[in-house]
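What follows are several structures.
The same chain A turns up in both complexes below, where it pairs with chain B and then with chain C.
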Partner chain A sequence: MTQSATTRWILIGFQLLLALFVLLPFFWMVSVSLKPATEPFAIPARLWPQAPTLENYVTAFRPEFRTYFMNSLIVSGASVLITVSLGLLAAYSFTRGRLLVITALMGLVVLAQMFPHSAIIIPFYKLMRSVDLLNTYASLILAYVSVTLPVAVWMLRGFLQKLPVSLEEAAAIDGAAPLRIFWEIVVPLARPGIIATSVYVLIVTWQEFLFALSFTSTKDMRTLPVGLNDFIGQYGIRYGELMASSVMVSVPVIAVFFFLQRYFVAGLTAGAVKG
Partner chain B sequence: MATVELKNLRKNFGSFVALEGLNLSIEDGEFLVLLGPSGCGKSTTMRLVAGLEDPSGGDILIGGSRVNEIPARDRDLAMVFQNYALYPHMTVGENISYPLKIARVPKTERLRRAKDAAAKVEMDHLLTRRPAELSGGQRQRVALARAIVRTPRLFLMDEPLSNLDAKLRTVMRAELKHLQKELSTTTIYVTHDQVEAMTLADRIVILNNAVIQQMGTPAEIYARPANTFVAGFIGSPPMNLISGAVSGGMFTHKGGTMQVGTADGAVTLGVRPEDIALSHGDADIMGKVYSSELLGDCTLVNVRVGDSLVAAKVGADEGMEMDTPVGLKLRQERLHFFDTDSGNRRET
Partner chain C sequence: MTSSDQRLVWAFLAPTLLLLGVFLYYPMIGTVIESFYDTSFISPEPRFVGWSVYEKVLSSRAFPEVVWNSIVWTLGVVLLQNLLGFFTAMLLNQGLPAQGLTRALVLLPFVLPGVVTAILWRFMYDPQLGLINSLLIRLGVLQENAAWLASSDTAMAAVIFVAVWKGFPFSMLIYLAALQNVDKSQLEAATLDGAGPVRRLIDVTLPAIKDVVLVNIVLTLILTFNYFDIVWVMTRGGPQNATHIFPTKIFETGFGQFRFGEAATYGVFSILVLTVLVAIYIIVQRSAAARRPAG
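Let's look at the complex of A and B:
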């Protein structure tokens, strides 16, 4: 299909408009983080500070922030590891399994995605309390694994369906046992899918607020999104430091996504059309 | 090296019968070709022998031992797949040596044997390449090298040449045949290409609708097809099959009448294109030229007889204009007769 020059320019115009709409809040976040304490509400408002300063970053990077960062890293890292490991095993069964019950189970996995977090948070809270896991990493990791696993299975299944079964058959003929086939043939070939799913789980868990706020009660267990609340006080909001913290919270995920985005896009569309 | 025996082997996929009571014995060192159209059960047979499918009934014996319950990895056989099934994340060398790695052969020994196997198929200079960097023919050779690297009891080849172009297929066919004779390993080869079957096989098994139609050497099958299916499947171009009736030693059909030596009844007469000559006098069949194709060393003349076409392979300079009336003379001693109702060969 060929496009006329006019259509192309119109499309580019729309894309720029869309990019502007999406990126403006991020730009404003960075801009405010670099403004001195008096400038965020100055009238007339400035898009870019007159005298940019890193003062807010220095204040925001306090010991608590480092604790929150480590907590987020532990919780997200563990969630990624567990979700992707379990998801890969489940997706492999769903892809290669021949039993009808497996197809039915896949339907349940889809169903599990349909409940909003706010609907399951109370049962989750009760469960965590009953096993005395509140205010621990485990409570958050378990909750995150349970909410990200269905999508992870779905994404990984799309990737695995594209792997020719003859490769696994060839390995079996070459003498490999099922576990070895999985580890030496399936896992390396599913690497793009594993990366894409890891990025997805990382993005979801890194920014998650509701579970983190409900399940943690002390500062030493809080994660970054909850930690940002520290700048919202009874008498006002410290916007400069809040935005500086927000930038620091966003940077790791943006960096990961930037380097691995091609896998992520492929992951969401894998299996969507017949190859 | 080993013998293979299939006893009353059956395979159903739900209500679909893929294989129905197959009985077959394969000699040690034999090159056996399973030939038939798509869906006839030939690949299923191979996959059952490989252990990639479980039989619905019957027994599979390799080297005299029943292997029905033995998984593919323990059957000690090698398989070349139609799509080669090379591991894309491994180099050529790693692909070839993978079966040895699984068998825990020491690394130095592994490398030496992988290099030897690669040399046999002239791929030893590309050991560090990945499959994506190879041509179709080179990938095919790597798949072959992976099969021969550990001298298995049995080679299984599932249409390994079907993805190659015609020229490369001819070259690889010769190489395969040479390699199999050199290694003397029992080989089961699946194809739907009768030329491949004729040129490679010690013995051909022709399958159709999940049942063996005929087995024998290529020469036997070509000379004495057991039924009309085999007669129409083997040969390029295939045998002409002319329906008619025999009464009092005379065969009557839409293109004429001729004397034959078979019993009365509804008969399908079979004659190969090379056993037909153009006749300017006394003719067995009369018709009009439908097309004339020069093939280089000969000409294929298709003659319309009634509502069917009869192909005759004649001299390169005997081509004719379309719609020219023509008489055909059949070589009496090379005629085949089949019972029209059953399709089975009639012994004259």
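Let's look at the complex of A and C:
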């Protein structure tokens, strides 16, 4: 498109403003996390520490933080694994099954992704209490798998629909059993979809707060978001440590996301734009 | 698919259907049932009380506040997030320098965990130590420190701002993908006919992406109405209920005060709101699909 030089400069100005709007809080978070406790960070706020130090990180990486980190890793890791496996199986059936009832069931899956978590949490909590699963990894994994499955099925179905059926038909004519066709043809071809869906489940479960806050009552079972929320009270005004913890919580997901973002963006927008 | 394959289809579906049935659909019904029972910290044994919890909730002072806050919150976030997302998408579709890099950086808030976002912005808004007050005072916009989150006049706007900051990259992604599907030849034809950028936007681009915009707005309405973490961590619904929306009210009533019946009643109201939104979503999507050329 043709742009005059002035328009172009104005647009570049807007783009810089946009970058500032997005990045300033991140910059501030990192900057404060690197400030020594002795250096005041406000009035007037200095944007970058005079003597950057990692001492906040050392203090913030305390045993409880490590426990929360491990808990998050276990719960998110298990959720990604289970959701993506079950989601792939279901999505395969939803794309290859021809019965009308299957289309109707897909509608129910799509509907379930819109359920408000706050509206289902009390019966969910009572259910977990009645089987004695409160304050366990299992309760959180069950919750996370259930709430991420609908979108996972929907994303994976989008990918599977684009795969040519002819390959599977050819394999069937050659006498391959349906399970083998699924495992040896469909799963490898669906790899981009599997990656995109895994990233989605990781992003959602790594930051999940409501279920984790309601289902865990002891420190040894808490995940990072709940632990971080506790730190607000404990650390009081020690923002340096709070920001250092925040950076450590965020870096893993941000890294994974940027490493795999093209898969994720393709998966998300393909479904959302095409409906 | 042969008939033996049909068994495989059902076997593959079974775990997902079972999980969704037990952990999503059953609790939805459970909330409705729960709302007819009274539980409290003193009498933890649920007692059937008919509509009396509804009467209690509806006549409480908090209920109209929560309804009003939810409306302001949802419409505010959705409107601003979609506007900002749309204009960002337009901007990042112009072929400017460092476009790819900017696009990637803009996605950062979307990936930042909700609780981290809330803590970071609590700090940004801190009256004495926060960056916002010191910047605004230095720029001469403010004379003295403002307590953004502690004043009921500004708390809601402050929280909406943060949700928009975190949410607009998602809208941007969707709109960017839609913009890239707009027929280039139509845009060029309009330019040759002498249409300026605004005319091209109104006559060519907007009609072409109308369906995506509508579906995306309804989708963000649903997601925003259900939001919990940012509001809870930043304000816990305060000050004086000024930022209490349905999810925070449900959590506080249920898990803060152990009044499950009342919390469930709020849950039922939010399910009703959601039903309306989902109905709109289905209608919008159906009509969008009908307008799309076959194929």
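Here, the second predicted complex is superposed on the first by the 243 of 275 C-alpha atoms of A that agree within 3 Å, B and C clash if a C-alpha of one lies under 4 Å from a C-alpha of the other, contacts with A are read in each partner's own complex, and residues count from 1 in each chain.
As a convention for this text, contacts are C-beta pairs under 8 Å (C-beta built on N, C-alpha and C of every residue); 3 or more make two chains touch, one makes a residue touch a chain.
Note that this is a predicted model, so its numbers are computed, not measured.
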Once chain A from each complex is brought into register, does chain C clash with chain B or fit beside it? fit
Where does A:Val249 make contact in the superposed view: on chain B (first), on chain C (second), on both, or on neither? second
Identify the partner contact of A:Pro123: answer first if only chain B is touched, second if only chain C is, both if each is, neither if none is. second
Looking only at contacts as defined up top, I'd like to know whether chain B or chain C touches more of chain A. C
In the overlaid three-chain picture, which partner chain does A:Leu228 touch, first (chain B) or second (chain C), both, or neither? second
Angular separation of chain B and chain C about chain A, which is computed from CA centres of the superposed model and rounded to the nearest 10 °: 100
Which partner chains sit in contact with A:Ala176 here, chain B, chain C, both or neither? Use first/second/both/neither. first
First (chain B), second (chain C), both or neither touched by A:Ile102: second
Rounded to the nearest Å, state the minimum C-alpha distance from chain B to chain C in the superposed three-chain model. 7
Let me check the overlay on chain A: which residues of chain A are in contact with chain B and also with chain C? none
Touching residues of chain B toward chain A in the complex: what are they? 50-52, 71-74, 77-79, 81-83, 85-89, 98-99, 102-103, 146, 156
So in the complex, the part of chain A that touches chain B is made up of which residues? 164, 166-167, 169-177, 180, 185, 188-189
Can you tell me which positions in chain A touch chain C when the two form their complex? 1-3, 8, 11-12, 14-15, 18-19, 21-26, 28-29, 32, 41-45, 86-87, 89-90, 92-94, 96-99, 102, 105, 108-109, 111-112, 114-127, 142-143, 145-147, 149-150, 153, 178-179, 203, 206-207, 209-210, 213-214, 224-226, 228-229, 232, 237, 239, 242-243, 246, 249-250, 253-254, 257-258, 261, 265, 268-269, 272-273, 275
Within the complex, which stretch of chain C touches chain A? 1, 4-6, 8-10, 12-13, 15-17, 19-20, 22-31, 33-34, 88, 91-92, 94-98, 102, 104-109, 111-116, 119-124, 126, 128-131, 134-135, 138, 165, 169, 173-174, 176-178, 181, 187, 191, 211-212, 215-216, 219, 222, 225-226, 228-229, 232-233, 246-247, 250-251, 254-255, 260, 263-264, 267-268, 270-271, 274, 277-278, 281, 285, 288-289
